[in-house]
Amino acid sequence: MPTKPGQLRSDIAWSAPDSITIKGYDLVTDILGKLSLGDMAFLELTDRLPTPRESAVFNAIAVTLVEHGLTPSAIAARMTYAGAPEAMQAAVAAGLCGLGSVFVGSMETAARMLQEALPDPKADVDVERLAGKVVADLHSRKRIIPGIGHHFHKPVDPRAPRLFEIASGHGYAGPYVKLMQAIARHAEETYAKTLPVNATGAIAAIASELALPWKIIRGIGVMARAIGLVGHIREEMRDPMAREIKMRVEAEATAHLRGARREQHG
Amino acid sequence: MPTKPGQLRSDIAWSAPDSITIKGYDLVTDILGKLSLGDMAFLELTDRLPTPRESAVFNAIAVTLVEHGLTPSAIAARMTYAGAPEAMQAAVAAGLCGLGSVFVGSMETAARMLQEALPDPKADVDVERLAGKVVADLHSRKRIIPGIGHHFHKPVDPRAPRLFEIASGHGYAGPYVKLMQAIARHAEETYAKTLPVNATGAIAAIASELALPWKIIRGIGVMARAIGLVGHIREEMRDPMAREIKMRVEAEATAHLRGARREQHG
Amino acid sequence: MPTKPGQLRSDIAWSAPDSITIKGYDLVTDILGKLSLGDMAFLELTDRLPTPRESAVFNAIAVTLVEHGLTPSAIAARMTYAGAPEAMQAAVAAGLCGLGSVFVGSMETAARMLQEALPDPKADVDVERLAGKVVADLHSRKRIIPGIGHHFHKPVDPRAPRLFEIASGHGYAGPYVKLMQAIARHAEETYAKTLPVNATGAIAAIASELALPWKIIRGIGVMARAIGLVGHIREEMRDPMAREIKMRVEAEATAHLRGARREQHG
Amino acid sequence: MPTKPGQLRSDIAWSAPDSITIKGYDLVTDILGKLSLGDMAFLELTDRLPTPRESAVFNAIAVTLVEHGLTPSAIAARMTYAGAPEAMQAAVAAGLCGLGSVFVGSMETAARMLQEALPDPKADVDVERLAGKVVADLHSRKRIIPGIGHHFHKPVDPRAPRLFEIASGHGYAGPYVKLMQAIARHAEETYAKTLPVNATGAIAAIASELALPWKIIRGIGVMARAIGLVGHIREEMRDPMAREIKMRVEAEATAHLRGARREQHG
C-alpha cells in the first residue's frame, strides 16, 4: 500500500494493549527467547530474520566492532561521564558522536567502493579486471584505497583472515570478498607495499555479501560501539581515569603560559 | 596488582600488532565466530562469558529493549538525520540523549529498589514481608513504585510474563523475581488497583538475578536502543518523515501568531 | 615558542589560584564587565578583541542564527528533554547534532566558495568575471550554488539586504560581499530565475569580510543555535509539545499496521 | 489565548515570506543591528529585551561561563572532532553532554537553594536569619552547601567579587546577593573554614536577581560553553592534541596487560 504524499508511515513496530509487533513478528511469541541480540540487530537492518549462516556471519562482524579499547570515542565518553554521571546515556552518546569519517567511516567507504564497482553481485564479471580498474581509478585520482593496510596491525590485521574464514565457512566467500581481496593485491602491486585487507575491508566485503547497502554499514559500527562504550562507562564508574587525564592534559598544555607569566613577573 | 594513585589503568582491551585481547580473551581465536553480539555485551557488562542459561536470559532482556517504535528518542534521531545525513552516528547519539529518567530510568529505579531492599540475594529473607515493607515505605514517602502498571499495556504488559517464563525456564526465578512480583501484589492491595509487574520491572528483576548492579542497568537499555535507532535511521533514509513532521508542527504551533498578525493588520 | 613533537599545547586559557587568563586577557580585570557575550565569541574565533565595527557586524550575523523557530533541531531537543528532563544539556546537544550539511552546512559551503575563489581579499580582481567563472564552473558540474534563493522567503530573504546594510554601514562592503552579490546575479542569468542572496550567503560573505576561515563558519551557527535551543527547552518546560507530537506521529504512521491486523482478524 | 488540550503551540517565532518574528520583535527591523548576541540570549530566556543594566549584568555572568580551559568537556569535544572532523556540530554536542551535575549543575543547585529559601524577593525577610536556617538545614542533612569555596581558586575565587561588583554597580545587590553572601558567612562559622562565595554562587545569586528561574540557569552555562567549545575545536583544527592524548592514555592504561603477557610468555 503506497503512502499518500505527506502521510507519515513507519513499518517498524506497533503496539496493542496486549501485544507488540516488530516488523511483522510478535515480540512476545516470535522474538523473545528465540532471537539473540545480534539477530534482532539483523532484523532491524534487513526487515527479516537471519538464516543460521547469516546469523553466524553477521554476529562475527558486529562483534568485531564492539571493543577497540581506549579510542578517542571511549575517552570522550569517560570525560562526559565525569561531568554528568547521572546521565550515562549522554556519555555513550558523546562517544558515538565521534564515529565519523576517520574511524567508522572507512568501513562505509570500502563498502561503497565495492558496491558501486559491482552493483549486481550475480553479474558475470572478471573480478581481477574489475579490481585493477578500481585501484587504477582511485590511484589516478590520488584517493586512498579503503579497507587495506593498517598502521599498527602489521603486516596483517589478524581480524581480516579470521573474518574471511568465518564467512567462507558459512558460504559467504562470494564476489565482494573476492573483489576486496583482488583490490588489495592490485594495490600492493601499484604501491609496491604490503597492503593486505584489514578488518574494515573484510567487514565491508562480508556486509556486502549479506546484501547490506553501504549507506547503512556505518550503523553496524554505531550499534556495536554503543555496547563497548557502556563497558567503558562501567569501568569508569569503578576505576575512573577522566579527572587524572584532564589534570595532566591541562598542566602540560598550559605550562608554557604559566612559564611566560613567571618570566614576565620574574 | 593495585593501581598507584594517579596511574591510568584499564582492564578492557589491548592490542599487539598480531593480536587483540579483550578482557583476557583473544578476539581472533576466542571470540570471533564463537560469541554472539549479545554474549559480547554480557562480557562487556560482567568481564566474563555467559553460561548458556545466562546467555538466553540476558539476550531476552536486551532484545526487549531494542525497539519501542516511534518513541520521542526515535523521532529525535530522525529529525537529526534530516539535518545531518552525512553523520548518522550523531543521529543515533541524539536519540540516545533522551534515554533518561522518564523512559529507561525507570528500569534503573526498579533495579535499585530491589537491590537495596535485598543486598545479598542469598540471604534468608521473608520476601513477602520485605515486599510489604518496600511498598509501605515508598507509599508513605509518596513515591511512585517503579516496575509495575502500564499506561497502555493493560491490564497486563505482555512482555513481563514472557520474560519471567524465559527466566524461570533457565533457573532464574530467584529472590529478585519473587520480590518484584510480591511488590506488585502488595502495591495492588495498597492502591486497590491492578498493578502487575511491567516489562521494566521484569527486566530489573531478571538483571538483578544475573547479578548486574543497578548502576549499569540503564546501559542495557542504551546499547539495545542504539540498535533500534539504527533501524529507524534506515527507514528514515528510504521513507523520510522528519520534514513532514517539522512542517506540520511549525504550522500548527505558530498558527495563533499568524492569526494575531492578520487581525492586527486586518 | 614552537611545540615539540607530541607535546600537548593549548593557547586558550590558564588559571592561577587568584586569576584566570583567556587568550592573554585577565578574565576579571580585562573581560568581565567589558566584553559582551558576542564579543567573547569573537575572541574565541579570532584570538583578539573585535573593534567596535567588527563587533557590530559579528553580533548581527551571530544573532541572525540564534532562532529559526520549530526546526528539526528544535524538535529533536524538545523530544530529548521529554525523556531526560534532568539533563537539559543533553537536549541541547541532541539539537546541535542535526546542524549538519543540510541546514548550517550551506553557510560553510558558501563561505568556502567565496574564499576559494578569492583567497586574498586584497588581490586586484575583476569581481564580475570571477563571479561568472564560479557560476559557470558550478553549473557545469551540476552543483547547487550555495547562498542564493530561498524556498520560503520569496522573492527576497529579508535578512540578506539588512545584513548587507549593517555590514556596509560599518565599512564591510568589500570584495566578498561584492563577489557574493555578483554570483547571485550571474546565477539568475544562468538559471533564468530570481535567485537573490539569502541569509546564508550574506553571512558567508560578511564572515569572510571579517577574515573568518570557512572551516570555522559552521561554528557561528552552532554557538548561536545553542542559545536558541535553550529558549526552546525553556518553552518545552512550561508548555510541552513533545508527547503530543509523539502520540500523533505514532498513531498516524502505524495506522496501516493496525488496519492490516483488523482486516486479518475481521 | 489559552491552548486547547493537545494543541501544539509555540510563542517563540514565526515566519512569513517577507518577515521573521521572534517573541514579537521583527528580526530585520527590531533585532538585527540593534541586539547583541548576549541580549538575544536574554530575550530567549525572558521573552523581553534587557534594560541596559540587565544587559550589562547578564552579559557578565554569561561571559564568565564561556571558557574554562581544558575541561573534561573540552577534551571530549576535541576527541570527537578527531573522529568526525566533517561534523563539528557533533563535537560541540559531545562536549555539552558532560555539562551535568558535577560542573554546571552546582550553579543550578545554588540558584535553587536561594530561590526556594526566598521565593519572593520582595518579601520582608531577615536575610541573616534565613541564611542561618539554610546552612543549618543543609548541614544537618549532611548536604554540600553549593556556591561556596573552591578547590583551586583559594582563598577567594576572583570572579565572585568582580561579578558582585558589576552587579552592584548596576543596582543588582539585592536580597539574593545578600542571602548568598550571608550563607557563605554562616557556612564559614559552621565548618570553621574559609568558604567565600565562588563564581557559581555569584552567578546563581545574580541570575536570581535577574528573576531567572533556577530551572533554566543551567542553560546559561550550556549556551556559554557552546561558544567556548567552538573555540576549542578551532584550536584542535590547527594544533591537534586528541591523537597524542589517546596514544598516551592507551599506552599507560594498558601497560600492565602488556607486561602480564610478557611475563606469561617470558
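Note that the chains are named A, B, C and D in the order they appear, and that numbering of residues resets to 1 at the start of each chain.
We take it that contacts are C-beta pairs under 8 Å (C-beta built on N, C-alpha and C of every residue); 3 or more make two chains touch, one makes a residue touch a chain.
As the structure is a computational prediction, the values presented were derived from the model and not from experiment.
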Comparison of C-D and B-D (more C-beta pairs in contact): C-D
Most widely separated chain from chain C, with each centre as the mean of CA atoms: B
Inter-centroid spacing, chain D versus chain C (mean Cα positions, whole Å): 23
Cα-centroid distance, chain A relative to chain D, in whole angstrom: 36
Averaged-CA centre spacing for the pair chain D and chain B, given as whole angstrom: 30
Set of chain A residues in contact with two or more other chains: 7-11, 13-14, 69-70, 84, 86-87, 89-90, 93-94, 97-100, 104, 241, 245, 249, 253-254
In the complex, chain A residues that touch chain B: 3, 6-15, 17-20, 22, 27-29, 31-33, 35-41, 44-45, 55-56, 59-60, 62-64, 66-70, 87-90, 92-94, 96-100, 104, 152-154, 156, 158-159, 162-163, 165-166, 169, 215-216, 218-224, 226-228, 230-235, 237, 239, 241, 244-245
Footprint of chain A on chain C - complex, ascending: 1, 7-11, 13-14, 16, 21, 84, 86-87, 89-90, 93-94, 97, 249, 252-254, 256-258, 261
In the complex, chain D residues that touch chain A: 69-73, 75-77, 79-87, 90-91, 93-95, 97-105, 241-243, 245-246, 249-250, 253-254
